[in-house]
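Pasting a structure here, questions to come.
The first chain written gets the first letter, and so on, giving A, B, C and D; residue counts start at 1 in each chain.
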Amino acid sequence: MNTLIYTACLGLFGLLAEIFNLRKYLIPIMVLGLAVIFSLNLQTWNHPETHFNGMLTDSNFSTAFSGLAIFIMLIILILAGDFYTSSDDEKHISDYMAILVFTLCGALMMFSYANMAMLFLGIETLSISLYVMAGSRRFEVKSNEAGFKYFLMGSFASAFLLFGIALIFGVTGTFSIDGIGVYMRAHADQLDPLFIVGMLLMIFAMLFKVSAAPFHFWAPDVYEGAPSLITALMSTLVKIAAFAAFYKLLSVCFVFALGKAEIILTVSCAATILIGNLVALTQDNFKRLLAYSGISHAGYMLLAIISLQGSTDSALFLYSTGYAVASLAAFAIAITVFKATGTESISGFNGLGKKNPMLAAGLSMAMLSLAGIPPFAGFFGKYFIFSEAMRNGYQNLVFLAIISSIIGVFYYMKVIVAMYSKQANEFEVKPTFSYQLVIIVCIVLSIFIGIFPGLFTKLL
Amino acid sequence: MENTMQAVPQNWYLLLSTFMFCIGVMGVLLRRNAIIILMCIELMLNAVNLLLVSFSSYAGNAEGQVFVFFIMVVAAAEVAVGLALLVSIYRNIASTDIDILSKMKW
Amino acid sequence: MTQTIIQTSNLYLPTILIPLLPLLGFFINALFGKKLGHTSGWIATAVLFGAFACSLFLFLNLPAGGSETITISNWFYFKNIFVPFAFLIDPLSITMLLVITGIGSLIHLYSLGYMHHDEGFSRFFSYLNLFIFFMLLLVMGNNYLIMFIGWEGVGLCSYLLIGFWFKNQAFNDAAKKAFIMNRIGDLGFIIGMFMMLFYFNSLNFDTVNIGALKLGMGNMTIIYITLFLFVGAMGKSAQLPLYTWLPDAMAGPTPVSALIHAATMVTAGIYMIARSNVLFSLAPHTLDVILIVGTATSLFAAVVGLKQNDIKKVLAYSTVSQLGLMFAALGMGAYESGMFHVVTHAFFKALLFLGAGSVIHAMGGEQDMRNMGGLGKYIKITFATFLIGTVAISGIPPFAGFFSKDEILATAFEHNKVIWGLLSFSSMLTAFYMFRLVYLTFSSSFRGTDEVKHHIHESPATMTMPLIILATCSIIAGFIGLPTILSHTHLFKNYLASVFAQSKLIMPAGHEISHSMEWILVGTAVTLALVSIAFAYQKYVMQKHVPAADEKLKGISKVVANKFYVDEIYNTVFVKPIMLLSDLFLVVVDKLIVDLLVHAIAFITNQIGRALRLLQTGHVGFYMFAMVISMIILLAVQIFVVI
Amino acid sequence: MLTLILLLIPLIASILVLFLKGESVKWFSFFATIIQLIFTFYVYSVFQNKEAAKSLLAINIEWISSPKINFNIALDGMSLLMVFLSNLLMPLIVLAGFNRTQERSHIFYSLVLLMHFALIGVFVSFDGFLYYIFWELALIPIYFISLNWGGVNRSTVTLKFFIYTLAGSLLMLFGFLFLYWNTNLHSLSWFDLTVNHICSCKQGFLFWMFFIAYAIKIPLIPFHTWQPDTYSTAPTQGTMLLSGIMLKMGLYSLLRWLLPIIPNGVAEYTPIAIALCVIGVVYASVIAIMQTDIKKLFAYSSIAHVGLIAAGIFALNMQGIQGGLVQMLAHGINVVGVFYCADIIINRTGNSNINSLGGIRLLAPRFATYFIIIVLGSVALPLTNSFIGEFMLLFGIFEYNSWAAIMAGLTIILGAVYMLRMYQKVMLGDLNENVTVFEDLKWNEELVLATIAILIFVFGIFPKPILELVEPIATEIFKISFVK
């Protein structure tokens, strides 16, 4: 919870920085600050406590995910340095930084909430700042469109969330998730229909936030329209935050009521996996491709949600980490290539293997990791989630997931093939130092996790 | 205060707010003007507020009403952001019809 | 778990030397042949004479009727089945050893002269030595697998030697044909071995025999085994229907034809059956099959031989015919007679081939008899020796062929009159076409071109010497097996008696035919031969008839000259369909069905993707609408199904 | 411990080689593989005395606690044989590239060595999951090798290969997951899986999960369509790796992870499996007869050979299993030989159509000699290495069903047909106008081919060590996987 406060302060500092015009040093300071916060966050490991009389709780769950979130934001900030280079961006750099950090605040709340209010606030903080960031390229219609679509649908969905919260409050008379949990345990056998409806409405809202089919429509458009960096943020931090919150919500409040939502979750999971993979097959725009692949990943993560009776949080965490590092590496490379070639379509990668082997190798590894091929982290994430699902008897879902991950391999390979066997285009691709750093760190992490996945499986 | 609230059976509140909520949803789905859609969303939120207030007064604890304040604040923020976005859009395409916003598809 | 037998026998050294010497020769020739030049040929010949000496040593030192097993190592094993690398030395193998090494060394000697100008000189001798090595393995092995090594090895060598002049694709085709035809037989052989392994858990001759005796007379298993083995024999010994490779095999250098396709390799089939006589004696039906096939082959080949004009082709068909005769003998259970004919045939057929080689040498490569004639006065030694050979094969007493043939015919007479008639007829034809050959080649006047005529010369001593030696053998060899009418001790029979003792017990020979009867048979045989010779003389010497050019032929004679179109028939019945099938598989099954399925899956997935993609209309209104609708549907489903 | 070293040498080498340039790359990788080979012999000597072997060769430490996955590597006769095969072929494969020039050769050889590492891993790992990791890992280097250094339309061909094989192995992954949670002591250790089998009701579909994975890898009809194209487009060393070692992964896995793990399933579906294999033998041989592309011809012939091996393995009897193991070694050596010969020809003449070749023997007698030896080896002539294997395999099939044996035995004839046809068209006859100049072997080529030729005879004449090496494990697997 200190983490949260410090992060908020850091955000405020970002705003003030404009006044003391520290623009030049802003990013380094921010990065440094986040690094410090990251280490502080580790302090709370194995020190579960509750703050603001039951509004927030620190638990290993929240600590772990907070750590991950902070790490992602750290990477994003590092990337931001060389991403916001145009004069217009220069002007607003401090705002951007601040808003990004506030996004992190929202995420942190979503990890450590103990009360529906905090969940709501967290989600909104996260979303609102993202609406802004998604639309931050004011003069690009695409960006506007992305921001506005996201905004409209996001607020629409949060209305459902609120209605659900209200109904549950009406039945249980409390907003504290533990209180709700108690009620749910007590009345597990005959639950008030209002409670169930409330639960289902909340589940719908959360499914929207994690961009699971059939609530996934916003994702591709927003991902494509938003500035690439923000897309990276959305496809990693936001997704992970939403899943963590979703997981916590269901595992604490609704475990025994889930039988009433089984079909919805199962159908949604299957649909998400299939739609994500199938549509990604036909994409030419790299960001859109990653958007759809992100949808399919959401499907795999839903497997963990579905089978959470078996406490699959560590599997979920491992998957999130693997997914995050891989996508960050992919985006870091993609952004470089976009900058160089000026196109966001896969053809931009043609012949990268000749022009810049290291970059191509990095992207290949990222892609293989996303495709879930050993020895990269992505594979282990998949493996553990599948294994958990299998243990909880969802063989058919697992089978479906495995089959469709073959489809997944196909479109990830499309990029690799483009890099290695297509005719090279003339643009010179040269990543800046910070990008090289990020790429190397992420790839190394991805392999490291691949070699020692054991560190994560017992973590939570 | 209490009794005036409780003069009406709780279910009525429930029905009313559900009704309002549905109106909001319908508005969102049927209207094409961004501003009106924004207002419909506000309507949905207010339906929730009403529900919360009634519940909290029946349950006799203030939590619900506190929550309403949260919602109001957030809603305000949301609208602010939304309108800002709308303005920039209007600058670019000189319209508030959401159907024009379909550059990105498939 | 290895099984080793310590050998302490005075025969050990010579026994292993016999195959090792040719192998050594092979390596020397293969590795250093180029440097050694013509000495390599001499080395090759020398090692073979060494092997011959060793065989003689064995022949002299092996106690009569005794047998020795020389185990060198335990080759491989699985389950409880051990396949030792062991040699069996008994009268039968020694007979073959003597023939192979003896005639082999003579032919090596001959080749020194014949191949003298060929640039592949050392390569040729390395192949020859290798062949001898494998042939020796074939006859020495004490189990079927060692025999099989030799069996396939000689096939390989014949492949290499037929295609020796590899620039000529026709020769290569012949070589390939020979190898593949043999392989067809080998499959039979292998299956036979599997059955033995399956039922007797061993491949050693003695163990198999014991097992077979347990199963008893006429047992189906044994009949199958023997039939499969016989398929192998058919391939190797060029019996109907697998004989077609042998005539083509004449593409190889003539010494090769003499050694491989007359004296040794082609008789492997007979050796194999004689070696497993117990099995065959227990399977009377198989014996009948063999008898019929043998007789048919003998007759068929004799007929085809009538119309051939290539000097080597004639000899080839006569070989096939003679082999048929031997198989007929085996089919009647007269194994010794079969072996006896193998030996005598080896002598005179080798002689004939070498003689033919000398003729071709003289004619500068010309092989068509229609362009020869009157060579008798130019190359006297060749003529004389060749004549002896011809007389021998025609069965004129007292030459070698007479005794062996007569023996077989006698057995045939007491076994089945019809068979006897057919065989006699085929041997009559043999006499005819052999003398046709002689007359066309040596008598009357020369029909070739002049520069060829000037070129004609007698071959060097290295070539004539073997001819003379073989000629003498063809004269005297018969006396090791005098018929009962002349003497009471049939040396050859007695020598081999121990080998065939068991089968004699199984199927007692029919009543000895009376001396008077036998005299009559001998008389008829000889008269038939003389008659056909006279006929040939009348036709080819008196009226100087010369066979017409191929295109002039018509009617039956054309069919015969074209070998009854057997090759063409095989080509249309087997080769073409397989090629068709191959294309079918590749184009239809592989590309069209299997691969299309694979691609179809990918394609369909892609199409589904394209379809789903259209859901993403880009209209936020539609998105929210879809969200709400799906919410309602899901809710409905959830509520009506679960709650 | 020794096994671990065996595993690490190639890995370290593959990392180090990245820092080298030019010719030194090839020499370094060559020596690395040679060291590996020598070390293998040492391991073999250790393996000979059993009690020392137990302590020295096996490692079993926990890698991941839940779900329980151990880093469990060991060596038994079968693994050692395969390891030996890989380490035997690797130096040859590296050596084969000495007079070829690839761009970015350090990456190429790094990938080759990485592949080596993965292959060894597949053969020594005794934990299902670990095994799966290596199995997948082996796919990546070969994919990139073929993608970067391959021939015409490599991108589509290699992609097909990658997806196809990956699809199979994902099915296997599902199988493993299923096994893990449905056997009562939750573990994927080979030793556990072989003692307590999953209930036979579930073995039916599990069999297909594994069988398809392996059938694609081997490949068996009708899962073979990726193979000919891949073999002909991949660079030669890639093809050698694929055909020589990688395809043995499938056969090895049949013996290690299919037969003993789900015996009832195997017993239930053996007829289908054997039918597929035997049909494959004839089918592929017949296709090979009319093939004109030399590499494709060898590809199909290899399909036929491995089909025979698989059939023998599925015959579920002692000689079948043992023969299968022996034949894996033999086939590995021969197939590498033939593909190298094919490469030499294509590299010299720039032409892979056998109809427009011919007479090469006139120009390159030494090459011709080695080539014919290798050809004879692959048609299983007695005293060459593949004879004994083929004999035992056919006998195994015969014991299962004599007709199947006769069908499969056709390979004896058909093999001779297509091989000799190929040899005649390519090497014999008079010079083809396309073949004007054909220089005889370079030193490294001669070294490779000579080694292969010698191996062909050595294993043909002295097969005993191999048989003794694999006999115990073959017996064990036979005992486990034989269902009354």
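Things to note:
Keep in mind that, in the parts below, a residue touches a chain if its C-beta (ideal position, glycine included) is under 8 Å from a C-beta of that chain, and two chains touch if they have at least 3 such contacts.
Keep in mind that what you see is a predicted model, and the values were worked out from it rather than measured.
The chains in contact with chain A and with chain B alike are C.
The most distant chain from chain A is C, comparing centres defined as mean Cα coordinates. Core chain by CA centroid proximity to the global CA centroid: D. Averaging C-alpha coordinates per chain places the centre of chain B 67 Å away from that of chain D. Averaging Cα coordinates per chain places chain A and chain D 43 Å apart. The mean-CA centres of chain A and chain C are about 78 angstrom from one another, to the nearest whole unit. Chain geometry summary: the mean Cα position of chain C and that of chain D are 37 Å apart.
Within chain C, contacts with two or more other chains are made by residues 602, 613, 616, 618, 620, 624. Taken residue by residue, chain B touches two or more other chains at 28, 98, 101-106, whereas all remaining positions touch fewer.
Shown for chain A are the residues in touch with two or more other chains, namely 148-149, 152, 156, 220-221, 282, 410.
Looking at which chains touch one another, you get A-B, A-C, A-D, B-C, C-D. Here chain C touches chain B in the complex through residues 613-614, 616-621, 624-625, 628, going by the rule given at the top. Residues 602, 605-606, 608-610, 612-613, 615-616, 618, 620, 622-624, 626-627, 630-631, 634-635, 637-638, 641-643 of chain C touch chain A in their complex. Residues 14, 17, 21, 24, 28, 34, 37, 41, 44-45, 47-48, 51-52, 55-56, 59, 61, 63-64, 66-67, 70-71, 74, 77-78, 81-82, 84-86, 88-89, 91-93, 98, 101-106 of chain B are the ones touching chain A in the complex. The residues of chain C lying in touch with chain D in their complex are 2, 74-79, 81, 145, 148-149, 152-153, 156, 159, 163, 166-169, 172-173, 176, 179-180, 183-184, 186-187, 190-191, 194-195, 197-198, 578-579, 581-583, 585-586, 589-590, 594-595, 598, 602. Taken in their complex, chain B has these residues touching chain C: 25, 28-29, 32, 98-99, 101-106.
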